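Let me begin by handing over the structure; questions about it come next.
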Amino acid sequence: MKILVAVKRVVDYNVKVRVKADGSGVDLANVKMAMNPFCEIAVEEAVRLKEKGIASEVVVVSIGSSAAQEQLRTALALGADRAVLVESNDELGPLAVAKLLKAVVDKEQPQLVILGKQAIDSDNNQTGQMLAALCGFAQGTFASRVEVAGDQLNVTREIDGGLQTVALKLPAIVTTDLRLNEPRYASLPNIMKAKKKPLDVVTPDALGVSTASTVKVLKVEAPAARSAGIKVGSVAELVEKLKNEAKVI
Amino acid sequence: MAILVLAEHNNAALAAATLNTVSAAQQIGGDIHVLVAGAGCAAVATAAAQVAGVAKVLVADHAAYANQLPENLALLIAELGKNYSHVLAAATTNGKNVLPRVAALLDVDQISEIVKVIDADTFQRPIYAGNAIATVQSSAAVKVISVRGTGFDAVAASGGSASIEAIASVTDAGISAFVGEEVAKSERPELTSAKVIVSGGRGMQNGDNFQLLYGVADKLGAAVGASRAAVDAGFVPNDMQVGQTGKIVAPQLYIAVGISGAIQHLAGMKDSKVIVAINKDEEAPIFQVADYGLVGDLFEAVPELEAQL
Amino acid sequence: MDFKLTEEQQMLQDTVARLVRDSYGFEQREHFYRSEPGFSREFWQQLGELGLCGMPFSEAHGGFGGSGVDNMLIMTELGRGLCLEPYLQSQIHAGGLLQQLGSVEQLERLLPVLISGELQLAVALEERQSHYQLLDVQTRAERVDGGWELSGRKVVVIGGHSAGMLLVSARTRGEARDEQGISLFLVDPQAEGLSRKVYPTIDGPKACDLFLERVLVRDTDLLGEPGQALAALRYQQGRAIAAQCAEAIGSMQEACQLTLDYLKTRQQFGKPIGKFQALQHRMVDMRTELELATSMAILAACVADQADSLERSRRLAAAKFIVTRAARFIAEQAIQLHGGIGMTWEYNLAHHAKRLVMLSHQLGDDDHHLSAYAELLHSA
């Protein structure tokens, strides 16, 4: 079967982001960018399914500026077969992204779409579920295990306090959680091979999708700093404060 | 203007997260209706009707909703939701699972994990793992919003007397099925939902010393976490890690033991209500976020703490 | 000039950076340091599996034909992580000598296992009296039936304790400091008459001294023509210097980052000490030195694989001198700005500082390169 994987270019997770003084957003000038960690897990899962002979082709798609080609190349170096960039320089929300992905799904007709559960920049955790709704597909979000059984997909999901397993009819959407797998490193031979793999660029207009949004960001600010508390002299004093002042025990 | 709140429950009891969500709904303002969708969930509906501030409880009691499968539930919520100004759910794994599906069906954007209500259209939500707070405004006809519980104090579970109304229509998409569930049977609460967390860092020196923390945790009914340094050093397994790349927690009380307070770790716990730090290094950055700091040897302080609780 | 990395180079850097980040946490490094080989064999194996061990070798030999810049990217990340593996000594220095001097038979025998990571090499060039002079070789190789007998002593062979094969320079004719007469041999560390004294170096990696007493080396293990090795030794030392400069850049970047974080965190007189202008100036000085050193390291990477010339030698000597000077300055300033904690074993900065200070004692110290530069300037 064909698998479509969506990946997003985000600030590298090791970068400490700084809020811009004018409140317009976070400062991304000269900041290291990388593939969203959950998306790496999505690529890895798709490639593993291909290595097991379950998937026949892995197509990776990203929506963003032309710079997102870097992340697509990385996905190709990790083992994806082909890449599509929907090029847009606008700041797109999850609904617009889901609509664009829906257009790609219509064209590619994958049996399975794998996405990261959320991007570590906007922290929305919406796109996969929205895409599932738009396509009318079943969804296995926050997956920690994925197993294809005939025309059905068994997904073990990380839920509050434990694990849940659901059976989904294919085609379906899976969003990845941290424990699904440990992504591999791109090896040097595969990095070299990646540049020869096809990467197509399309525009939202060409896909016939409007990306208008009903949400606008008014401002972005740094979180209120915690004010430093007090030092206590003894365990007895600590227990007393927790009981009588903070009232948390 | 009325607000629809999705009840979080397990068919037997109403989960506390619902009370925080109702609290957010109160701040938005308007009639609050709670939707209880499940199977054999009458007791939940009764409990929801008693929640302070709730005007009406809608009950969709059918096998299709037994396990909160989003494919079925979203159809129901979207159908009901189009008559409301706001649709709210707790930002639990369940709420996060179903709500974006509802928003897409309604063709509106969703606002995730709000921590503050500015007005009926304007909200604050953390982005970049809490390193920035965005103020966002929605012009959508129906505002679909998930609510981070730690941002809102729970309303009282009793005192209300809402009417209960059954929903007859059933929507079964027929594309998914529940297979099974494995809920951790640990005596201790789960990290992300625990009210109290005791965490250890590199200062614990080895895995065996974490027993000291379990002693305190048992007295407090707390979960036990760890810093990345402790995980990297192999003291404890990965799933105990609190931090930007681990679990993000915000309990009522967070006790950091032998944790220096790397930014990575602080990002995962700085929204805790009360933070206690026990560390022998007076200069450790953890003291800058701690409400109560105790400078001393953890191997003396922790057993003493356990004895005094 | 365009300093932007190509897409492939960017991916290479990402791969190595992630590998180092995942494998080389502080505690993990401590563990590797205290282990028997003094580094991580697992990490080394991973470098092999990912093709990174093959980077510096030509595609004709199954490598990836990496440029000086490619090697620089790898070395910078290894430096940032203070990695203990002898990548520079084995893959760049020894591997370069092998590729330059080796016969078809020798290359076929050794390069595949070197590229896969199964074989690790070490270079044994220095002697107690040589003081970075490659031609000051007193170890002697006497002609015997079917081969040579090596006798003498080599010092500070980094990675020599764990190497599967040693590249040893010895004199087949002439007197000490003669340009002619130096040969390079492949020596099996298990050979009869060879003993090793292993010790940890101040900055981390393990090294050893070699004691050779009539160690028999067959003709098939002589690299290149007898007595003609010096040019290759000099050329490959240049490549090693470029790699070492890159390694230093990674370490300096990390030391600057740790210091900057500390200035922003440490409170004194009610505010972060980074608010004090005197400390800001010192931080700026560190960054300025780092920028200068980075430029020189890039220059070194660009000329490392060029044909041998006086110009190349001069630039490499300059790069080594400037980078080493920056390294020492940054190490000292970083410790000063940290105060006592900057010197504690439990804090990463202390280990970076040691590495940065010790750099000048490998592949030629400041005086050595300064006088080399002066001479080259004169002859140019």
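Chains here go by letter, A, B and C, matching the order in which they are written, and residues are numbered from 1 within each.
By our rule, a contact is a pair of C-beta atoms (placed from the backbone, for glycine too) under 8 Å apart; a residue touches a chain by one contact, two chains touch by 3 or more.
Since the model is a prediction, treat every value here as computed from it, not as a measurement.
Asks: Mind naming the chain pair that shares the most C-beta pairs in contact?
Replies: The chain pair sharing the largest number of C-beta contacts is A-B.
Asks: Among all chains, whose Cα centre is located farthest from the one for chain B?
Replies: Of all the other chains, the one whose centre lies farthest from chain B is C.
Asks: From the Cα centroids, identify the chain that ends up most central relative to all protein Cα atoms.
Replies: Central by C-alpha mean position: chain A.
Asks: List the centre-to-centre spacing of chain A and chain C in whole Å, with centres computed as mean CA coordinates.
Replies: Chain A and chain C have C-alpha centres separated by 39 Å.
Asks: Measuring centre to centre with CA averages, how many angstrom lie between chain B and chain C?
Replies: 51
Asks: Could you tell me the distance, in whole angstrom, between the mean C-alpha positions of chain A and chain B?
Replies: 21
Asks: Could you pull out the residues of chain C that touch at least 2 other chains?
Replies: Residues of chain C touching two or more partner chains: there are none.
Asks: What are the residue numbers in chain B that touch two or more other chains?
Replies: In chain B, 263, 288 touch at least two other chains.
Asks: Name, in rising order, each residue of chain C that touches chain A in their complex.
Replies: Residues 7-8, 10-12, 14-15, 18-19, 21, 46, 49-52, 54-55, 64.
Asks: Touching residues of chain A toward chain C in the complex: what are they?
Replies: It comes out as residues 14, 34, 69-70, 73-74, 77, 185-189, 191-192, 194-195.
Asks: Touching residues of chain B toward chain C in the complex: what are they?
Replies: 202, 229, 232-234, 263, 283, 285, 288
Asks: For chain A, which residues are in contact with chain B within the complex?
Replies: Of all residues in chain A, those touching chain B are 11, 13, 16-17, 19, 26, 37, 93-95, 98, 120-134, 136-139, 141-142, 154, 157-169, 172, 179, 213-223, 226, 228-232, 234-236, 238-239, 241-242, 246, 248-249.
Asks: Give every residue of chain B touching chain A within the complex, in rising order.
Replies: 67, 69-71, 74, 92-94, 96-105, 107-113, 122, 125-140, 173, 175-184, 190, 192-193, 196, 220, 239, 244-245, 252-253, 263, 270, 273-276, 287-295, 301, 304-305, 308-309
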